[in-house]
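Here's a structure for you.
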Amino acid sequence: MKARSVLLLGSLGAALIAFALASPGVIAADMVDPVADAKAFQNFFFQKFPNVKHEDFVNGPYSMNEDMKRQWQEKEEFPPYEFALEAGKEMFSTPFKNGKTYADCFPNGGIGIRQNYPYFDTGEGKVITLELALNRCREANGEAPYSYVKDEMASLTAYMAYTSRGKPMEIKIPDDPRALAAFENGKRYFYTRRGQMNFSCASCHVQSPGERIRAETLAPALGILNAMPIYRSEWSGMGTTSRRFVTCNSQTRAVPLEPQSDEYRDVEYFLSYVANGLPISGPGARP
Amino acid sequence: MASSIRVRATSSGDITEVQALIQHPMDTGLVKDSKGELIPAHFIQQLRFECNGKDVFVADWGTAVSKDPYVKFSFKGAKKGDEIKISWTDNKGGSDTTTAKIA
Amino acid sequence: MKRSLSLAMLLALSLAPSARAANEADYKAAYAAAEAASKEAAGMRNQWTVTASALAAAKKAADGGDFDRAVAAAREAEALAKASIFQAVSEKEAWKAMEIR
Amino acid sequence: MTTTTRPHPTRRLILQGAASVALLGLGNLPLAPARAAANDKYPEEAFRQKSEADAIKSLYGKTAEPSDKVKLDAPEIAENGGVVPISVTTTLDKVTSISLFVAENPNALAASYRIPDGTIPAVANRLKMARTTKLTAIVEADGKLYSATKEVKVTVGGCGG
């Protein structure tokens, strides 16, 4: 039973709205099985939107609304993230003070590898996202790290995403209990309700993709990070994955966590893994 | 220094299609910044495209043109390799110019 | 599994303000309680933005000497903090019901 | 070239700002006197007019008649009021100018393009719209004005709270 009207009502500030959401699911088994989770996750969206081509899910709201898709395609001819992309390309090849460049920190010189991020570092025992790896590369070469939510980081990840465009998302979960725990923690975060609005990521991106919450058409959760980083007309600027998580939290009136904190990296791990096989489409333009 | 103007000019037969994206805030003068003060109007007023010594397209813009403005048009009478000169001026006397070869 | 989340919050918010005018001591007590609950919520990494703003409003009202409003705002902050704690506790298991299997 | 970041006016402020403000604070006015007809001078006067009718009169000095030879392409519901892709094409010939008017904006005239001969009478651009509005394209062909109109719904983007 979809609580569509409640969602539209959702922002009066009172926390007195109770949702009785019947949801497709049985009590979770305690054994973590990412392969089965990914399969179920993808099938849920394929069945819910049978006429959306599988690879179209990565286009977020545009896979849900024809009129918006046409506007988006028109903008893609000369997209607003063009400047960030070129700035990223220039920054990527500008050597640090010590003469090294980002290419020295990444496999294949950083070209065409975005689809493998985030990955689980068995040495450190935690999820490493592209944004974290970029800042670590800067610090390893004596440079100050960039803010995770500002333009410089968005330009770098825009360029790296661009070099992977079209490649299927390819996230691996090593046979390591800590990796399974990180995946599960990301899944837990994705389905947990928070903020005074009492929404979880799933409340919007699983229960009601394609519908509107106020003026915005909600993107499906499947492939939702494939287009990162995104130029959002609403921000009239670029947004990294970190910026999107932080703003989503505050929109549900939950105090955001530190960018790149465990929950954010793990939920990025979970969302990227379940989108395995769908193409990278970043950098993206969004409303 | 990269120019604020990105141009793509492609010709097919006698028709050249020109697309331009310009990095400019296009502030309307009606917007308050985070401290509550009005950001003064700052927008491109005139954008001129010249090819082979004559104007091929002139845009007069107001404050309703989007940030990082985009424009597309086509014209006849030019061929691959010809050069297009693009220049803009804004209401604060700012300006920029660049040239692009027709691909 | 139906949660009575809203019911608990409804009750928490409708605390009856004390009859006589509040004074600084009342405010200090109410603020301390609110701050404790808010810290606990933050500790569970489930703080709400409105809790922080209610606390700030309480402090501002108290600085202005309006202790009635300050106590009311502090009580509201406490209620919101408690609601966010209730949410965090109940969601520890509740999230599984929404999971796509 | 790194992009400088200045305090960021959120897009919503722009929409609210555009919608609510009555007093219009346009930038400084260049000294050159503005002549009525569309010529190579920047039509300052026309851009200052509030209503569509005044803007058309100030820019062209005559009125337009609707014509199906002017094709105006705009979204039904704008994805975001700040970036609305709009294009105009026409089969009329001897076209000298194409202009776009957003009725509900503080100033109706949004953009005006001069089409020298040899240039295809068509243009695509991205405009801002304060709220749901009537959008009018006017083509000046052989001295006469032809128009096409479309309504564009604009919602305020973003979720409050």
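Lettered A, B, C and D in written order, each chain numbered from 1.
What we mean here is this: contacts are C-beta pairs under 8 Å (C-beta built on N, C-alpha and C of every residue); 3 or more make two chains touch, one makes a residue touch a chain.
On a predicted model such as this, the values are computed, not experimentally measured, just so you know.
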Of the pairs A-B and B-D, which shows more C-beta pairs in contact? B-D
Need the CA-centroid distance for the pair chain A / chain B, whole Å please. 33
Just give me the whole-number Å value for how far the CA centre of chain C lies from that of chain D. 49
Hey, how far is the Cα centre of chain B from the one of chain C, in Å? 53
Dist(centroid_CA(chain B), centroid_CA(chain D)) in Å evaluates to 16
Residues of chain A that touch two or more other chains: which are they? 13, 75, 80, 83, 90, 196, 236, 253
Specify, in ascending order, the residues of chain D that touch 2 or more different other chains. 1, 8, 82-84, 87, 124, 126
Among the residues of chain B, which ones contact at least 2 other chains? 2, 67, 70, 72
If I apply the definition of touch given earlier, which pairs of chains qualify? A-B, A-C, A-D, B-D
Which residues of chain D touch chain A once you look at their complex with the stated criterion? 1-3, 5, 8, 10-12, 75-80, 82-85, 87, 124, 126, 155-161
If you look only at chain B, which of its residues touch chain A in the complex? 2, 6, 8, 19-21, 23, 67-68, 70, 72
Could you pull out which chain A residues touch chain D in their complex? 10-11, 13, 67-68, 70-72, 74-75, 80, 83-84, 87, 90-91, 150-152, 155, 196-197, 213-216, 233-237, 251-253, 287
Chain C partner contacts - residues on chain A that touch it in the complex: 13, 15-18, 20-21, 23-28, 37, 40-41, 44, 187-188, 191-196, 198, 200, 202, 206, 250, 253-255, 257, 263
For the chain C and chain A complex, residues of the former touching the latter: 2-7, 9-10, 13, 42, 45-50, 52, 80, 83-84, 87, 91, 94-101
